[in-house]
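Order of writing sets the labels: A, B, C and D. Residues in every chain begin at 1.
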Amino acid sequence: MISMRNVGKRYVPDKPPALVDVNVEIEQGEFVFLVGHSGSGKSTFIKLMLREILPTTGSINVAGQDLIKMRNWKVPYLRRNIGCVFQDFKLLPNKTTYENVAFALEVIGRSKHVIRTQVPEVLRLVGLEDKIESYPDELSGGEQQRVSIARAFVNRPPLLLADEPTGNLDPATSLGIMSLLSRINKTGTTVLIATHDREMVDSMRKRVIALEGGRIIRDQSRGVYGYGD
Amino acid sequence: MGINAGYFIRESFVSFRRNWVMSLGAVITIYLSLLLVGASVGSSVVVNNIVESVEDKVSIRIFLKDGAATEDVDALQAALLADDRVKEVNYTTKEEALEEFKATMEDSPEIVDQLEVNPLPASLDVDLNDPQDVMDVVATIKANETFPNVADKPEEPEKSLKYGQQIVNQLFAFTRILRTIGVAFIAMLAAISLIFINNSIRLAIYARRKEIGIMRLVGASNWFIRTPFLMEGVLQSLIGAVLALGTLGVVTVYVMPVVREQLPFLPFSISSTATIQISLILVVSGMIIGAVGSAFALRRYLRV
Amino acid sequence: MGINAGYFIRESFVSFRRNWVMSLGAVITIYLSLLLVGASVGSSVVVNNIVESVEDKVSIRIFLKDGAATEDVDALQAALLADDRVKEVNYTTKEEALEEFKATMEDSPEIVDQLEVNPLPASLDVDLNDPQDVMDVVATIKANETFPNVADKPEEPEKSLKYGQQIVNQLFAFTRILRTIGVAFIAMLAAISLIFINNSIRLAIYARRKEIGIMRLVGASNWFIRTPFLMEGVLQSLIGAVLALGTLGVVTVYVMPVVREQLPFLPFSISSTATIQISLILVVSGMIIGAVGSAFALRRYLRV
Amino acid sequence: MISMRNVGKRYVPDKPPALVDVNVEIEQGEFVFLVGHSGSGKSTFIKLMLREILPTTGSINVAGQDLIKMRNWKVPYLRRNIGCVFQDFKLLPNKTTYENVAFALEVIGRSKHVIRTQVPEVLRLVGLEDKIESYPDELSGGEQQRVSIARAFVNRPPLLLADEPTGNLDPATSLGIMSLLSRINKTGTTVLIATHDREMVDSMRKRVIALEGGRIIRDQSRGVYGYGD
């Protein structure tokens, strides 16, 4: 599903790079945690996958497509196969909760009928059934995060990326979201989660990739959060 | 993979309403720009009419010598009438010339009273289709072979022709400049309007660049993002154009009659064809500007 | 609690640079608006000069009867000169009048040849300070007691006075309309420019409303937020005004001489005082518009 | 320091209110955690304190001032005595890290000299000494959060509010921030933290106010995160 070879990313020429020599293979259907200190390169990793940015060196292959050689106009089609929960949510400020989630379906040309049935269903799953008409700035931080989560998987993408999906959620809600992601994974979706939530990582016992200073320092199946602190 | 056709229409209207500060800004800009352009095109049509009515007074008078052979005069008249540039040729007899002179001299009838013989020559009065051709036609007349036979003073051809020699040059120099200035001014206004409109659309899209980036990240293709923006641009332009048209209409209906009353001697008028043309140009160019402006402004933010 | 005076200056320059899309938009708008206003004020000064030069040709000629008493003529002349509205009064003798007539009749010298006695009357030619007063002065002359004594045709006062009766009314009606249209057009342009400038400043501030909200939340007082915005607005306006001035300067230096060459008979000129005045007005009004526009646009977002 | 009496807040007339009948007294120098599920009203509580919003009912007193009667022009002076870490960071996008932090000092008219010495010092404390020239969109989520934290206490306010200050931080960095806040509290600053970080709350054993559906359901000194999940 995902294959990175010798990937490096340097945002500013004379500053230390955000990623160095990253080699990763992720199979279809895997459930992977990406952990690391603040600034260790987790979001950069995810942005590369979405082709939001291009790597400075190395090659990336997602869903059988070479992201470096990919033509610009093909990028939207790649992204439609990737659901992404962004660290800063990236909700459209002029659209309601409902419209934000529906947008992901409109983009791929789903019919009105499909949208009308799927969107409320997904919003119910993340516990936002009574915030359907609210604009993002009328939502609490955790509610915005859940809208972002709902939008990410409403179109059942084969690959789900989540950048810190529970940073603004209380432990109970986090647990709910995690079991939701786990259920989505069981249906065959590949799931990659960048997180700081030690409790969650430790309890799930899934594959863990740990970054530090842009390098992979650990890649364990059935791992734990680690870092002896 | 059917696309909701209604999506784009709904989307552009909703977005127009929700981003009303921006939309209003764009509409106002388009409205005023088109108003300005429309007003100056209208005024230039009016000024052009006035200029033409002044120019139409330019004609050529050929003084004929007493006793010129009728065949010669007829031949000259026929030759002139055969010329494309000539509208009509009238013959003024010596007596008619004297009557005219009396009319202009009515303040000093003593002068006319003292005249014993009629000193005024008969003449051929040549009206032109395009007054600008006057010098050319004068040259043609001088070159005509029968002209020396009939001219009042054949040895001095210049003195046998009257066409306001100095005035004509000045008048045409002036009207030429006036027309050039008019065209330049309208071109300038149009260019400035374009820049203004493009500017305000660019600002409106700049203010929403984050949104566009988000749409891209969620997998929207460029045309999917662009279409509602373009339609919104067209909608804004349409509203602006209609408002401009309405204002111009009101001005035409309520202000023009007042001006016309004040200046009954000037041909203040715009034909209804001209009005419809101006309207159509305003609306269509408004919409094109809106669409093209939005498309250009969007390009920058559609790359990520 | 001393305030860094330099903070605001630095802040407004830095912000101008970092928000250059917005700044550029505002500068372009201000530049073109002021250019438009400046160009039309300039043109209206030129047109006004032309109109005045045409109006200055309006004068009153009082025809005197042959053998009118010199004292009476002198008395009338003195009375007229005492009038504020009169610029000068010239005496034209019968001989001079005949010379003039010959000059106008040079095409038909036969008429002049036939004259045995000089039928033309002597006259007093009255030049006015303000041509618009012509009708009033005519009335005054008719009311003057020595006028009937010297008039060429005392029983028909209208015939003893020549001031282009029909032409004058038409001319003044036309120039009045022309002036009104000029003022209205400039007023409209100024108003539209104001709206444009306000519009683009408002859009620029709208695009930064989030920032303003954040500043408020961090404890910035309204004037602390406002000052850099106002200074930025003034900076934008200043740049726009200077660009507009530069463009107008280039046009005056390179284009005006060409026009003047084409139309040597028309007084195409703008005095340097007028130029300086226009420049000052542009720069100062530009800055005021920038400051006031920003202040107004900010108000909405300074409430939270 | 803070006194709320019968405070209620309803954003939308016919929706359930965000806060109901809240009565709280917080003394100067206290260290208080505010916990609760997503959407339970924590951010609303903090916004009321900053007078970002006004309550629908009840009265609020902060630092001896009645917020309901307070004139608009006095609000900035109130806010200068309150440092606040916002849930969505609220950094100025056109200012660098350094300038964002310096802004809090410029606002209160501190001299250039003071700014030049204090800002780098504070940025060092939150571990951002090498991100001084970066703009917010060149920072990782956790780095942005730390800029927001640095800005909140750079002017040593008597009251420090923090809305989810460690949501985007890894456990190690979180711990560093927490011990920093605890040290700041020891110098006499009142600290109020809205958080979901169970580990942190449980380890600190400070006063805990728990909200649920806008009501205070628990107010314990030396409490724990609670919610048996």
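In this text, contacts are C-beta pairs under 8 Å (C-beta built on N, C-alpha and C of every residue); 3 or more make two chains touch, one makes a residue touch a chain.
As the structure is a prediction and not an experimental result, all values here were calculated from the model.
Asker: Could you tell me the least number of steps, going only between chains that touch, from subunit B to subunit D?
Answerer: Graph distance in the chain contact network comes out at 2.
Asker: How big is the gap, in whole Å, between where the Cα atoms of subunit C centre and where those of subunit D centre?
Answerer: From the centre of subunit C to the centre of subunit D is 63 Å.
Asker: If you average the Cα atoms of subunit B and of subunit C to get two centres, how far apart are those centres in Å?
Answerer: 24
Asker: Could you give the separation in Å between the centres of subunit A and subunit D, each centre being the mean of its C-alpha atoms?
Answerer: Taking the mean C-alpha position of each chain, the two centres sit 28 Å apart.
Asker: Counting only residues that touch at least two other chains, what does the list for subunit C look like?
Answerer: Residues: none.
Asker: Considering subunit D alone, which of its residues make contact with at least two other chains?
Answerer: none
Asker: Draw the chains as points, connect those that touch, then say whether the picture is a line, ring, star, complete or other.
Answerer: Ring.
Asker: What are all the chain pairs that meet the touch criterion?
Answerer: Touching chain pairs, listed by label, are A-B, A-D, B-C, C-D.
Asker: Which part of subunit C faces subunit B closely enough to touch in the complex?
Answerer: 21-22, 25, 28-29, 32, 35-36, 39, 43, 101, 107-108, 110-111, 113-117, 119-121, 159, 162, 170, 173-174, 176-177, 181, 188-189, 192, 195-196, 199-200, 202-204, 206-207, 259, 262-263, 265-266
Asker: Going by the contact rule set out above, which residues of subunit D touch subunit A in the complex?
Answerer: 11-12, 15, 35-39, 42-43, 87-88, 130, 138, 140-143, 145-146, 163-164, 167-175, 196, 198-199, 225, 227, 229
Asker: Which bits of subunit D are touching subunit C when the two form their complex?
Answerer: 50, 52, 72-73, 75-80, 82, 84, 86, 90-94, 103-104, 106-109, 111-112, 151
Asker: Quick one: which bits of subunit C touch subunit D in the complex? Just the residue numbers, please.
Answerer: Listed in rising order, the residues are 1-4, 6-7, 15, 18-19, 211, 214-222, 224, 303-304.
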